[in-house]
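Consider the two complexes below, in which chain A is the common component and chain B and chain C are the respective partners.
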Partner chain A sequence: MKLLTLNFLSCAVKTCKTSPLSFPLHPKDAELAKDDVEPNPDLLTNILPRLDWSALRTTAAELGFPDLPETAPSPEELVEGGKTVQDLHELLMETQIVEGKLVCGCCGHEYAVREGIANFLLPSHLV
Partner chain B sequence: MEYLVRFSQSHETFRRPELEALAVIEGINLDVVSYSLNSPFCTIRLPSSAAATRLIRRSILIQSIHELWGAGTTLSAVHDQVRATTTHLWPLYLSCSFKFTLDSYQGSRPAADKIRIINSFAYLGFAGPIVMRLPDEEFVLFEDWPWNSTPLGLADPTRYFFGRFLAVGARDELPRKLDLKRRRYISTTSMDAELALVTANLALAAPGKLMYDPFVGTGSFPLACAQFGALTFGSDIDGRSMRGDGKRRTLKGNFEQYELLGGLGGMFTADLTNSPVRRGVLGDGGDGMRGRVFDGIICDPPYGVREGLRVLGVRDPEKSPWVIPKGKEMYKQADFIPPRKPYSFLAMLDDILQFAAQTLVDDGRLSFWMPTANDQDQEMSVPTHPYLEIVSVCTQVFNKCMLRHVVAGDGKLTRTGSRRLITYRRLPDAKVDQEAVKAWEGGTPKHEGKTADELNPFRKAYFNGFESPGAE
Partner chain C sequence: MLPTPDTSHVPYSRVYEPAEDSFLLLDTLSSPAESTFLTSRFATGPSPLIVELGPGSGVVLAFLTAHALPILGTRAPLALGIDVNRFACAATATTVIKAVAGAGATSASFLDVVQGDLVSPLRTRAATGGEPAEGMVDVLVFNPPYVPTEELPGPPGPASAGVVGGKTTYEEDSHLLELSYAGGRDGMETTERVLAALPGTLARRGVAYVLLCAGNRPEEVKARVRGEGWRAETVGTSGRTAGWERLQVVRIWREG
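Right after this comes the complex of A and B.
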């Protein structure tokens, strides 16, 4: 699962959805892998407006990646390239979470990740 | 200029929607001049021949596209038009190598006739060498014959089209590349490669776009979307469907097989009715993107036959009160499998539409498959949502032999032997009809029931109809 995916996923428990604490989920005991992926500026440009930037900064910091600037780069900066663009590409497109847990900051539920596939199924008392 | 599109005469109702989707993907102005479900020939107007080649480069249902030099109901009408409108083009092909081809749809002619007809174009004055294999240019005369023309002994076709060949679509290449017969990992419900690719076209999958399948199974749709350059995501309530044997036969293994790993964004286990995907607020007046994630959602939802349709939860909490406390104790164990209950297909459709409205960017598309009729052979209505505009409804009809095969395989089809692919476009908030929103909020249908049979007419049709002795 590319780390980009984490920016799209919150806790699955319905009562958590309204709480800002349920997003982003916090990686725990995460084992990461890195693939070599061709840089794709068009893709970055397309997804930038959809990213929750502050959630992305949180994820990057929690996984020990270089700090991202406080505000998202502009489309022009993306085209120009540079360090932030490289960092973003590496973080979003090249890094995979392979094993570990994703923890909800609201209810504390831990979603297991195995072989790159996170499991969001809930027991009946949480549905 | 006008162009002739030579379709394959199959999946007829999908052809025009595919053509129009390709025009959107490539950003080309397309005017359909003539089109009929009963003919493989369609004429269109386009800005240029370069646009024509680009338009069909990823088409699955188009065989080829041609610069249209002349058309008519008689050969002499074709010649008149060629003489009247294309003399300025003739010098361009004066000395190149070339060949002439006769393509007779539903008809045939003796060889001597063919030669006579081809020779009737001699006035074009092409003086280059005639080359049968890979000439610089190919000129084709198409004949549209009526059904059964040979046994009926008909002398002439009903229409002719004459044009210069420009390009072929992806029809010969991609369905073969993704063919299920040679795919590492499939299941009984894997979507046929040709139709998965057509679905990806209708949903406008393209480089730089994010596509999602919430019922991903073995990954047929994400593979087709990744083949067109998109970054893909998927989930399934059954983690095993993605993991396969945990070795080579896995969803990821399929991406590896086709060298599409770069298009694999993320797969996860989830129930669409309790999805972790973050969603936008409907009608928040935002910029049409923020809070919404996907460019396209494509899927083949389960219909409740066999083990198909399930959501998380306990079917009857009063009858089995121990299930919930037991789950509370056990759910943290790695091998815990939460209980599931049957669910209504119609309610699931409502959930899919709502999910799409909340997660698609403006003009993003939802394409999904559903049966045409219920067990009483009543046509099922196309589900609607005020934030989603219907773009196209395509119908795939199964012939008898396929029907038997598919029913034996996954038991998903109704008696009528057809299913539909429905495609929607996410309207920008400003274009949404507020009256429709009120009506929809007031009247969202509740599909209730407890057993799988009560909830899903298809399941009943399957067990009562198809499995009874002597049934087709």
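Right after this comes the complex of A and C.
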């Protein structure tokens, strides 16, 4: 599971959806790996406007990455082949959570990540 | 004709094998009319999020991702699959990654596959004050379990919720396949849940492609969806006999 994916997901419990605490989910005991992914410049320049940058900063910090800048890089900083683009590509597209848990800050439910696949199926009492 | 993604690695004893419905989705999404519609909507602006619910083998999601440039007019999209079947999650990831590698300069990017119940893992913004509900998804694709059956199968058991390499029994495999086609009353029980969740799932510019069979009473479904303020049109059909289609793809999107 990519670090970027956490920007699009929240706790699956219905009553958590309205709570700001259910996003982003918090990685716990995460084992990371790095995949080789072909860079896609069209993606990197167009993804930033729709990302929740502060959530991404939180996720990166919780996984032990160096602090991201407070605001997202500007389009001018995203020069093809430049260091900013390369760093973003590595962080967003290549970094994988292989094993671990994702914890909801609202209800405390833990979603397991195994073999790189997060499991959002809920036990019957939470559906 | 854009090439169909390779699914030779998919374990068909427990994951739905691409069939007429899957191929109808490929034909519809790559038809000149839909490519024109999608390109006009998504070629510019922030990266579109493509989500397929229940991708199974991943053939449709891989097709859209690998051929993003001819279909959506941009390589900027991100593709995400959500499947209740863990084996389908693993299969879809492989299918999309292979197809992207094979397509080169026409492909968008693969985001992920997560195991989950329909749209439940997705972030959403609830309706607040004057603001209507809105979701994250720009292109939603759903080839549902549409076959009318007496009962809807229950959620998958612990074995299929476990590891991909884990062993499953014949009964567990049959149950996983049943989940991929059995639709309960009118074959619509699962589809109805997705239609009800559309306001909080689709972005403002979002569009959904939902496959229906004749037994789902598509004309009634479209009328109901329109009654809730959406536009809904049939944009692809197959198996036309004696004036009615066996399968059709309905496009659902917001007015204006």
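In this text, the second predicted complex is superposed on the first by the 121 of 127 C-alpha atoms of A that agree within 3 Å, B and C clash if a C-alpha of one lies under 4 Å from a C-alpha of the other, contacts with A are read in each partner's own complex, and residues count from 1 in each chain.
Convention: a residue touches a chain if its C-beta (ideal position, glycine included) is under 8 Å from a C-beta of that chain, and two chains touch if they have at least 3 such contacts.
Because the structure is a prediction, the values reported are computed rather than measured.
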item	value
Which superposed partner A:91 touches (first chain B, second chain C, both, neither)	neither
Contacts of A:40 with chain B and chain C, given as first, second, both or neither	both
Touching partner for A:106 - first (chain B), second (chain C), both, neither	neither
Which of chain B and chain C A:122 touches, first, second, both or neither	both
Chain B versus chain C as contact partner of A:18, first or second or both or neither	second
Contacts of A:1 with chain B and chain C, given as first, second, both or neither	both
Overlap of the chain B and chain C footprints on chain A, listed as residue numbers	1-2, 4-5, 8-10, 12, 23, 37-38, 40, 42-43, 45-47, 49-50, 114-122, 124, 127
Complex contact set, residues of chain A against chain B	1-2, 4-5, 8-12, 14, 23, 35, 37-38, 40, 42-43, 45-47, 49-50, 52, 110-112, 114-125, 127
Chain A partner contacts - residues on chain C that touch it in the complex	45-47, 49, 74-78, 80, 82, 84, 86, 89-90, 93, 100-101, 107-109, 111-117, 120-124, 126, 136, 155-156, 161-165, 200
Chain A contact footprint on chain B (complex, rising order)	207-210, 231, 233, 235, 237, 239, 242-243, 246, 252, 261-262, 264-271, 274-278, 287, 289-290, 292-293, 295, 312-314, 323-325, 327-328, 330-332, 334, 336-339, 361
Complex contacts: residues of chain A adjacent to chain C	1-2, 4-5, 8-10, 12, 17-18, 23, 37-38, 40, 42-43, 45-47, 49-50, 93, 114-122, 124, 127
